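You will see two complexes here that share chain A, one where it goes with chain B and one where it goes with chain C.
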Partner chain A sequence: MNGRSTLRRIALAAIAGAGLAVWAFPVIWGLLTSFKTERDVLAYPPVWLFKPTLDNYREVIFGASSIVPNLWSSFVVSTSATLLTMLIAVPAAYALARLRYPAKRASGFYVLATQMLPPVGLIIPYYLVLQKIGALDTYAGLTVIYLTFSLPFAIWLMVSYFEDVPFEMEEAALLDRAGRLRALWYVILPQVRGGMAVTTIFVFLNAWNEFMFAVVLGGNRVRPVTVAMFNFISVEQTQWAKLAAGAMLAMAPVILIGIFAQRHIVKGLTVGAVKGGGRR
Partner chain B sequence: MTGIGRVRVEGVVKSHGVTTVLHGIDLAIEPGEFFVLLGPSGSGKTTTLRILAGLESVSAGRVLMDGTDVTTQEPGARDVAMVFQSYALYPHMTVAQNIGFPLKMVGTNAAEIERAVTAAAAKVGIGHLLQRTPGQLSGGQQQRCALARAIVRQPRLFLLDEPLSNLDAKLRLETRLELHRLQRSLGVTTVYVTHDQEEAMTLADRIAVFMDGRIVQVGTPREIYARPQTIAVAGFIGTPPMNLLAGVWQGDAVTVSGRRLPLAVATSTPRDVMLGVRPGDLRIDAGGLKARVERVEDLGDSSIVSFMADERPLKLKSDRLPPVREGEDVFLGFAPEAAHLFDPHSGLRL
Partner chain C sequence: MVAARRPAPTLEAQERRFALMLLGPALVALLLTTTAPLVYLVWNSLQRLDLGMPWLAGFAGLDNYAKMGSDPRFWNSLLLTGIYTASTVVLQVVIGLSLALLVLQIPSGQGILRVAAILPIVLAPVVVGLFWRTLVLAPDFGLVDLVTRALGLGSHNWLGDPQLALISVIAIHTWQWTPFAFLVLLATLATLPPDVFEAARLDRAGAWQRFRHITLPLIRPAVVMVVILRMMTALSAFAAIFAATGGGPGSATEILNLYAYRTSFTELNLGYGASLAVVLMSITLAVSYLMFRLRRARG
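== the complex of A and B ==
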């Protein structure tokens, strides 16, 4: 029995290690590349031992091809999209989870249906609409487009958190003369705050990592970091080392959020799996 | 508090689509009364309580409180407090915040809230737990916290939905006594839902027995036990429930399986009846009904003997152990005045 469980543990560790390697390889490759000179990057056979340099980081932060303005663009778009999404998604999800109103099922399905559309199919209509109203290459334009996919996702996620709060708790608040809005504020929202944190993080990360809409609907004024990194790839050459340094900087907030919010994120992913699992 | 808390329910019907769960409920509850809604699961008692709370709308009929029609009033406007079966405590608040919440919602100042919370918590014996959260309390303490939240604002009506069902047997007995004492000391009209007849019998001033969405009898515990109005009530009230035997009533006796069993009442015309005898009224009697002893259960302070008489199960309850053995044939009788007679077709008491 003991031998079998040790064997089992080794096998599990091996499988987990293989999975981790597949995920980690590009990140490690990118990290190493960001400290190499262009010559070392292109060396064949690849060099594993090299003299690290910070030139690439200096260039992408302070140089002519600085991505700092683009990080700012990403921050503005992602933050605005996240704030607006949460502002709309929380009451919408509450209504879907709790209230009885005509066409509730239809509206619930509509929220999910928008998630089923392939985003690439929407680019041209979005482009034409934004062009028509003069919102191409504006923060407002890109933020509104981000709402079209972040809102259904956030509503769908928040509904499951609201449904996790017992009905009786809200009824008790109504009997305690809280009224519906104050019951939501004092009793329901504090219990879904963990879910709100997870949803906020997911929405922010989705917006931060978005590339396709940004490259088509952005421009010279609004150019998120995902698009800016594309500048390091040109017809003449690809500046792999600077691209890698840019990618590391762009990934930093994602990884930091991941580390700090790991506990919430894992809970968020397993919501509904265990009764009351995602309540706090 | 005396004088307020009068409740009238008039012809209340509740339907969910094609399913009707309440078929015209009428109730009159007097100020200060401890009124129990008793019935099996799905009989409509909790729905009635929720209608009183304003948490369910009615399909027809109306609800009056102290003469005012509150049928369409919001729950918060009715001045009622409710203790839920699950207690519904707010898990992110401390006990003190939970108890003080109803006062905070009406803008009571902090000093007054603190005074009222301390008083309410002391009344239910949780004064030392005010800074804990519900998750740090035992089931009994949570129940008390829910009670304190209900009494803190002195409502005109308490609604209690099976508040003892989540407690263990010993704690349930203790809490039952305290609940009764609390209700008497506050004098607030109380409507209490339970499926546990022992709870109903010990707590209630009056009981309404619910069956299949209808009230089949309203009365004091003694009246309901001594004179059940239908076969269904007779079969529901009492532990074990009343023995029921089909027979023919003729003159001053009822004939069951060919044996004449004397009654205290007489009829001039023979008729089919359902004879009911409480297990406590059944006794071993040479002139009675032949039955075989199936099982003798010794409960220490009393005993229950199960019989089979002509394929029909019967139970006898006695405060001593009857001198019978399992498998033995005996004869069972009862005092003539202990018999209950029902119409087998309508189910009504004769």
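== the complex of A and C ==
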């Protein structure tokens, strides 16, 4: 009996290890590649022990094809889109979760429906309109357009957090004759601080990783790092080590967030999946 | 209670006003960034709007939609969308759920596996596509080719051969998003009360029966929700395929989403591209409506 359970445990560990390897390995392999010379990249059989070089990173930071301006673009667009989204989404989510007003179900359904529009459908109108008002290749244009996918998502995620706040909390605050806005600000918001952190992380990740809007509506001035990576490979087909170094820099923020906010992310995914869309 | 009735309407009106104040900006933003473009998209789909032939521009009625009937590339993209969505969703849920059930029984080391599972999810799909195109699937030097060569299966052009390319993009999508199903289902399974399983074990129910009759009904809402969300992602998949194959070779991996994009922004036929996007949008809405109906009926 004991032998069997040990065997079982080993088998389970092996399966978990395989999952681990399959998911983590391409990323680790990319990290290794980013420190190789182009010659080592194309060595067969692949070399595990090589003399690491920082040349690739030097090239993508200081070289002619530097991605630093693109990192800046991504940072500006993602940060402003995240701030704008949270500013609009948090109050709206509170109203949807807690207040009584006419057409409440309809407004909730509307927000949910907007979440299901495939981006490719919206990009043609955006392109035509932004072109007409001269807002192609601007930070403001891209930031506002990122609301299409970040806003419905953020509202629904926040609704599920507001719903978990006990009713007594705000009743107490209202009896206190504190105004509604003050009750929301001082009593309710501190209760959903964790939820706001999770939502902020998700909105930022999605904005940082966005590609389709950025490639069509961006340009020479506003070129987020995802677009820069894509252009990289069409220009420099075979320079994989440089590509890997660029990709590692471009993805460093999201990888770090992923590792350090792992618990929050899993929680956000679960809330979104189990509660968020399902309630209504 | 009677005394409280009089001020009630004003309180109600006050609440209504407050709700409008909080909700207003969001509704305006959504109208401007989703609904107005949607209307404009439908309008454009009724136009002849080809930036390559601007002199032909004008109202076209339903011509763009009629054109689809005899467009083999459209039917091909529709078929590929079906194959791509169905296979990636089934693979993600089956692999994710099996792995979650197994990992649940591991006493330690779940943490590191969760970190590894987070990695694909947080990466930008476009970077994932580029990574696979070069380091993983490139002939001769990619990881997969190194393995198949070592196993004596020979070298293959994973993204250059039409059939292999479709399998490859399905594999890429499955790789990136299976962790989502895995993590959500693992978290759901972890919340189930252990005494349910104890009782079944005492009843000498087999592992499969326990799963089929106890675990599955309990986690069904989460499974259905995962299926819905995964379908949405698969239907609007773009960046990873665009980076890995660009829809090619030929149109071997050109799902409807990519076809609409290529028509609009490579061939610059915005009118026809818009009508393709409208079709994709209708499919997405219809599928999600059906899934939600199903969820409610079963739940």
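Quick note on the criterion: the second predicted complex is superposed on the first by the 245 of 280 C-alpha atoms of A that agree within 3 Å, B and C clash if a C-alpha of one lies under 4 Å from a C-alpha of the other, contacts with A are read in each partner's own complex, and residues count from 1 in each chain.
FYI, a contact is a pair of C-beta atoms (placed from the backbone, for glycine too) under 8 Å apart; a residue touches a chain by one contact, two chains touch by 3 or more.
Being a predicted model, the structure only gives us computed values, none of them experimental.
**Q** In the overlay, answer first, second, both or neither for which of chain B and chain C A:41 touches.
**A** Only chain C; A:41 stays clear of chain B.
**Q** Once the two complexes are aligned on chain A, which partner has more residues of chain A within touching range, chain B or chain C?
**A** The partner with more contacted residues on chain A is C.
**Q** Answer with first, second, both or neither: which of chain B and chain C does A:19 touch in the superposed model?
**A** A:19 sits against chain C, while chain B stays out of touch.
**Q** Quick check for you: in the superposed arrangement, does A:79 touch first (chain B), second (chain C), both or neither?
**A** Touch partners of A:79: none, neither chain B nor chain C.
**Q** Per the contact definition in the header, classify A:166: touching chain B only (first), chain C only (second), both, or neither.
**A** Touch status of A:166: first partner only.
**Q** Have a look at where A:187 lands relative to chain B and chain C in the superposition and call it first, second, both or neither.
**A** The first partner, chain B, only.
**Q** Provide the residue numbers of chain A that touch chain C in the complex, in ascending order.
**A** Against chain C, the touching part of chain A is residues 9, 12-13, 15-16, 19-20, 22-27, 29-30, 33, 41-42, 44-46, 88-89, 91-92, 94-96, 99-102, 107, 110-111, 113-114, 116-129, 144-145, 147-148, 151-152, 155, 180-181, 205, 208-212, 216, 226, 229-230, 232-233, 240, 243-244, 247, 250-251, 254-255, 257-259, 262, 265-267, 269-270, 272-274, 277-278.
**Q** Report the residues of chain C in contact with chain A in the complex, numbered from low to high.
**A** 12, 14-16, 18-23, 25-27, 29-30, 32-38, 40-41, 44, 99, 102-103, 105-106, 109, 112-127, 130-136, 140-141, 143, 146, 175, 179-180, 182-184, 187-188, 221-222, 225-226, 228-229, 232, 235-236, 238-239, 242-243, 257, 260-261, 264-265, 270, 273-274, 277-278, 280-281, 284-285, 288, 295
**Q** Which residues of chain A touch chain B once you look at their complex with the stated criterion?
**A** Of all residues in chain A, those touching chain B are 166, 168-169, 171-179, 182, 186-187, 190-191, 279-280.
**Q** Going by the contact rule set out above, which residues of chain B touch chain A in the complex?
**A** For chain B paired with chain A, touching residues are 53-55, 74-77, 80-82, 84-86, 88, 90-92, 101-102, 105-106, 149.
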